[in-house]
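Once you scroll down, you'll see the structures, which are given as structure tokens.
What follows is a pair of complexes built around chain A, which joins chain B in one and chain C in the other.
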Partner chain A sequence: MKMKSSLLVFFLRCLWPVNAAAMSVSILFVLLYPKYFLWNNAWAAVFILIHSVAITFILGRVRSRSFAFIYTRGFSRDVLWLHKMLASVVSVFVAWLPAALLIGLGGRSALQDWFRNPYLPIMAAREMSAVWFWLFGYAILLPMFHYVWIRKAQPTRSSGSGMLLSVGLFFTPSALVPFGNHAPWSVMVYGLLAAVMIATYTISGFLLHRTLEVQK
Partner chain B sequence: MMHIFILLIGLPVVVLVGLRVLGFTRSRHKNFVAATAPAGSRISRIAECIVLLCIAGAFYLFTAATTYGIPQNLSLLPHGLARVQIIVAVTALLLLLGCVAITYWRASFGIVLAAIVMAGYGFIPDSGLMERVLPEAMFAPKVEHTFRMSGKFAGGEELWINNVYLGKMPLTITWDEFREKVPFMAEPPEGYKDENSRQPAEPWFQFTFWETKNLGGSRHSYVADNQQYYAKIKFNDQWAESRLGGGGGGGGRWYRQYEYSFGGYFPDREKLIQEDNRRFESLLQKARLSNYTVDSEWWQAYSTFDEGDLWTLRRLAKDEPGFVKVMDAAARLKYGFTAVDRQTAQAVFERICNEADAAMRYDAGGVEGWEMGLIFDMLDVNRLVADYSKALKSGRSLYSSKSGSHEYDEYWTYNHDPKNEFYKPVPASVSVIRHALHLWDKKLDAEQPHRDNLIETEIAPLYIAYRGDVGAAASLGGSLLEEYLLRQFHREPRLKGMGLDYEDREYTEGQYVNKWIYHLVQLDTPAGKEFRQKHSDITLQMAKLMTTSMHNHEKSPPEFVFSDLERGQKSLAVQYWPELSAAIDSSFPSREESKLQKRFQYLARMGDLATDQMYIDCWEKINLDQIDYPSQLIGILREIPRQRLLPLARYILNDLNKRNDQIRYEQEWFIEEFENYLICLGDDTATTAFLSSEPKEKQNRLDRIRSIIDQYVSQRDREDVAAYFAEQNDADLKILGIHYLRETPAPERVALLKTLAQDTDAAVRQAAERALNELEAIRQIPYELLVSLASTSVLPQ
Partner chain C sequence: MSDAIVTATHLSRDYGRFRALSDVNLTLERGRVIALLGPNGAGKSTLLHLLIGQLEPTAGGSHILGHPSRRLPQAITGRIAYMGDGEEPPGGYNARQLFQLQSQLSPFNSKRAGDFLAIQKLDPRKPFGEFSKGQKKWIRAAMILGSESDVIFMDEPAEGLDPASRIKLYEHLRRHVSDCDSLAVVATHIINDIETVADEVIILKRGKVLVHEDLEDIREQVRELFVPETERVPDFALSAETLGSQAVSGGTRFWMKADKMDTASLAAAITVRPVNLEAFYLSVAEYNHSQAHREIQK
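The block that comes next holds the complex of A and B.
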């Protein structure tokens, strides 16, 4: 499989309104958020959820004209899948990287210190762990949502099971995170389970993408 | 707010998706899949099974291991209930695996079924359902009672309770076993009552036992109920005399533990104890006789005693500073070095760390803690900071528990035993590092009080960021912390109340106060001082809150009111004095002498700012008719600085003479006893009057003087008293002085004894020579005869 920059640019062009909005929001959010970021920050979680849904929605509209167009230009299914994934990763970094740099290099802390925010700079030491967790959030949501549309476009029944599992995945952390008494080993175990899910969604998405039906 | 937002958005989405997937709502697009098409490909089926397994697995593990109400350690659960929990967990696991199998066949159906199983498993173990279905006895907590004898050489004593022989102590027995063996007795057992006394007949005694009772109906209603039980203790065919005992304990919902400690006197054992105490005392005398210079032989003998840690020496050092030298030597001898260089310091530090890790505890007040004080500044502070930062960021508990004494609140013993701890603590060496860092911080603060040091810039912020422990950060200080507290104060300036947000409040003395103000007023830094000056009204209000709180029964003032004494009349201590004096009127204990003591303590802390008139005003508030014994007054006067004591005591004596009609019992004796105290303080008028008294009366008063010195004069002041007595032209006083000189024979006291051995009075000469001979005999005792009996002999069991 060769990298086809024009294909990547095509997908990124489709995504640019979403990414432009996401980048603006993420920068403003990171600069102006008046408290400090922890890994379980609900606003960040909502933002990542919406951004991931938007990315996969744009890349996975199987009934759209652009979709039908690009799938009939002679690219193999694997090339199309790879470039969609690359476009998704670039989109993530467009929103995540400026935020990560602002936090990691101290820009947010300095600005908030200037605003005389009581939490910063003292809590800045802890914010970087939230930044990595946001990346982890994207890593699990994007393969999952990509799987949802790929599964839905299969010529088989029970096409909604992908969506049902994503609902389960939405509910599980929502139910578990508020509890404070997680076992010390839980982070490692949950991380391992998440890694298995990411790998499963990615590999199965890749394989199923070969058999999806393009309709118009 | 955010959770409501998520629920408003998330729930409708979830419901819509569910309806769509289950086919209750239709898509606007025509379904192109044939009705006969398979329900997913092999790949999708496998993928969905794996994902379901992961999601349900996370839920399952959380419920099985960490759900509220279910102990993580099944061994702490009552046996039957633990078995039920295991059965439920295994059943849920099998059902879950079944759901995964169904998912392979029909994904939507399997997923919904798995959700139902998980919800059920999450709900059943901690709901009332099990309580209704299972027998009530299954929910009874496991209760253990441990009985032991206190004191030296304890162990092996036989215990009877309510006439039932239970075994040799220390003895641990479960409540179920105890209940089965020992009957409750509404009336004492035969032989308990003594016809001639209100006390029980030998060898019986009564103690409070904590029974476990169910108040009925609910598994939450198991309570401890105290009942009187009757016990007797035997050791080596001797019944315990002067017996007493009691205990207490408690625990959680599933496991409770009660400890009972009995005191008692066995004639044979008492001889051993006396000999052991004599040996220990001789070791201390040897240290004094050698001008507090001790060698390895001394340390080897000393460390064979139970009391052979540093605590005994620390207590002695309060009155005899020479023992600080002994503590230094003990620490060096234990760790085997004389001069400190970087390499030795690092080696000793590592040894302390290793020993702490092996013992799973670190005693900052023990020899190891004292040793740290000797070597810390030879350790690499950057490395200490890096290691401690790692521990703070790890998220693990910094220790499992800590204990200390009111006597020395700066020294704590940190326990790092992970047993029964849900969140495993870091190794005990982290407490060693923390101690070293605190010592470094103090040193750096003393060198450059107005500049942030490495510990303040690196560690204090981490305490807040990773532990939310403002108190620990405040103990280090630093401008980052100060700025943090000040900004938080500007954000939330309200002083107290439930209206404060969770993050803004601190629970102290039974009330919620503003956390930021609470720490700012106590900050022992220039910024803290500035805050207290700038916001003196808030500071005084906080002091008032902390003093007048109903939980502060004694109305003890907070430390920070004494932090700016250099400001003279503008100092907080002076401004707060009227408030505190008024608060003391309603303090507990409410006895007159107790109130006077609290006022004198405060004035003593004020130092020179407290005038003689302030002391006199306090004295004049006292209702003399509430004072039964002069010793109550004499005990209080110990609080007063030595230089102010004599004039005030003279004033009190004059006042007692004036107000003698207010003294309830034996006015003359009361006043005479106070005169005796004045003699101990070196008052010439009182001494002259004493010396001119009749011989019989003089002897009687001499005994009372001795009693006053033993009870109310500190070791440090006894030296002055002995020197004063030695100067008098009276053989009896000189002989009493010799007694106290012999008691703590540091070289200068031995020199005084030698002078007295040349006295013109034969009785004085003899007494001094006897004391010198006794001391010489102690000096000559070989160390092998001074090791603890516990370490050398096989004690009878």
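The block that comes next holds the complex of A and C.
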């Protein structure tokens, strides 16, 4: 499958308002959050959840006029799916790369130093690992929500998508929680479960995307 | 060797308990312009969506260029051009960007598309959303006509265009079909315009194909009889052989097969003329009062 730059640009243009808002919020969050970041920061979790839902919802509106247009241009379903996934990944980096650079290159530390933040000494040492963990959150949520919207546009819709979403939402925290102070083996087990879940949603979404219905 | 590039076999589609399309069988060949006619809700758009693989059939199936519509590989999808009624590019795009998008799919003749755009003196750098309804249709038609596609499907392409533009659109479509040896299927309610370029006619009603016939054959076989109010209606016009009839100002129009008419005994005031497509469509789809039209297909 060759890259079609125009198609990627089309999807990114659809996502532009969401990504612009997400980038602004993430930069402000990283600059102004007064405590040091941990992997389980509640605000980051809510942000990632909302951003993931927004990305997948926008890319899943296959029955809107503009998506009906792009789906009937002559791109195969596999090419469309691939570019939607690429657009999702780019969106994550658009939202978080500036924020990560601010952490990694010391912009956040400098500002917090100016604010005389008492947590400053442990910020730089710990916070980059939190950012990596947040990206892992996207890796779980994006395939799952993409799958839900793809499932919703199938010719034979059922309540199965809701059930699968529930299962996914159960496994998401299950996979994330043990990364705290649990036994090393549990990290491996839940990491494996998360990998299986990501692979299952990705492959299922890819296959079902071939049969979704664009027109009502 | 058959030139059939689009086929449908027992193609049906339900929306819940409503059957939108029922047992459609079609074989469409290269080098033809097909007029797809029917009242609102007849199943025209559903048929097009099924043929291009955007909908799953409830029963039966269809093939384009030898591949099942629902499993079209990239090599085939790039050879199909579709202009639908319910889709539109985002308003921020301009014509140049849309042409670039199309050119990434299949061989695209930018000059032909640009020349078509220039007929209406449309600025290719102006955002799509700032054009009028008719101009938007024109730009989308330029995308279709610029492509070197083998199969073209258009759903109400002339809606919103002025009469002169409609004629030019269909002239260019005819040229595309001739130059590229392609097939064009055009669903429309504006029958007089498509009649000038159509080779075949498909009339749908309530999801069923009532007629699929060469336009030339229809013109040869069917006549329109006008009986003024002052004249007695001939007996043959009242028979079950009559395709349809319509009371109009000053008399009644009857449509029937030429070989069922006894023209020798007609009064001078009664006129007979070859049927035009719109009159034929009305006789079959709107004012039909017999099943005799089915004989035309035989």
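As a working rule, the second predicted complex is superposed on the first by the 191 of 216 C-alpha atoms of A that agree within 3 Å, B and C clash if a C-alpha of one lies under 4 Å from a C-alpha of the other, contacts with A are read in each partner's own complex, and residues count from 1 in each chain.
As a convention for this text, contacts are C-beta pairs under 8 Å (C-beta built on N, C-alpha and C of every residue); 3 or more make two chains touch, one makes a residue touch a chain.
Keep in mind it's a predicted model, so treat the numbers as computed, not measured.
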Inquiry  = Quick one: is A:Val46 in contact with chain B, with chain C, with both, or with neither? Answer first, second, both or neither.
reply    = first
Check your understanding: Now for A:Glu213: first (chain B), second (chain C), both, or neither, which partner does it touch?
Key -> both
Larger residue footprint on chain A, choosing between chain B and chain C, goes to B
Partner chain in contact with A:Leu105 - chain B first, chain C second, else both or neither: neither
| message | Let me test your reading of the model: by the given contact rule, A:Tyr201 touches which partner, first (chain B), second (chain C), both or neither? | response | first
- Partner chain(s) touched by A:Gly74 [first = chain B, second = chain C, both, neither]: second
Exercise. Once the shared chain is lined up, is A:Arg65 touching chain B (first), chain C (second), both, or neither of them?
Worked result: second
>> One more residue to check, A:Leu7. First (chain B), second (chain C), both or neither?
In response: second
Query raised in the report: Just chain B (first), just chain C (second), both, or neither: which does A:Pro155 touch?
Result: both
Overlap of the chain B and chain C interfaces on chain A comprises residues 155-156, 211, 213, 215
Within the complex, chain A is touched by chain C residues 45, 49, 52, 54-56, 70-74, 77-82, 84, 86-90, 92, 97, 100-102, 104-106, 147, 149
Chain A residues touching chain C in their complex are 1, 4-7, 10, 13-14, 65-66, 68-76, 78-79, 155-156, 210-211, 213-216
Per the touch rule above, chain B residues touching chain A in the complex are 2-3, 5-6, 9-10, 14, 17-18, 20-22, 29, 32-33, 35, 37-41, 43-44, 46-48, 50-52, 54-55, 57-59, 61-62, 65-68, 72, 103, 106-108, 111-112, 115, 396, 422-424, 461-462, 464-466, 480-481, 483-484, 487-488, 490-491
Listed in rising order, the residues of chain A that touch chain B in the complex are 42-43, 46, 63, 116-119, 121-126, 147, 151, 154-165, 167-172, 174-176, 179, 181-184, 186, 189-190, 193-194, 196-197, 200-201, 203-204, 207-208, 211, 213, 215
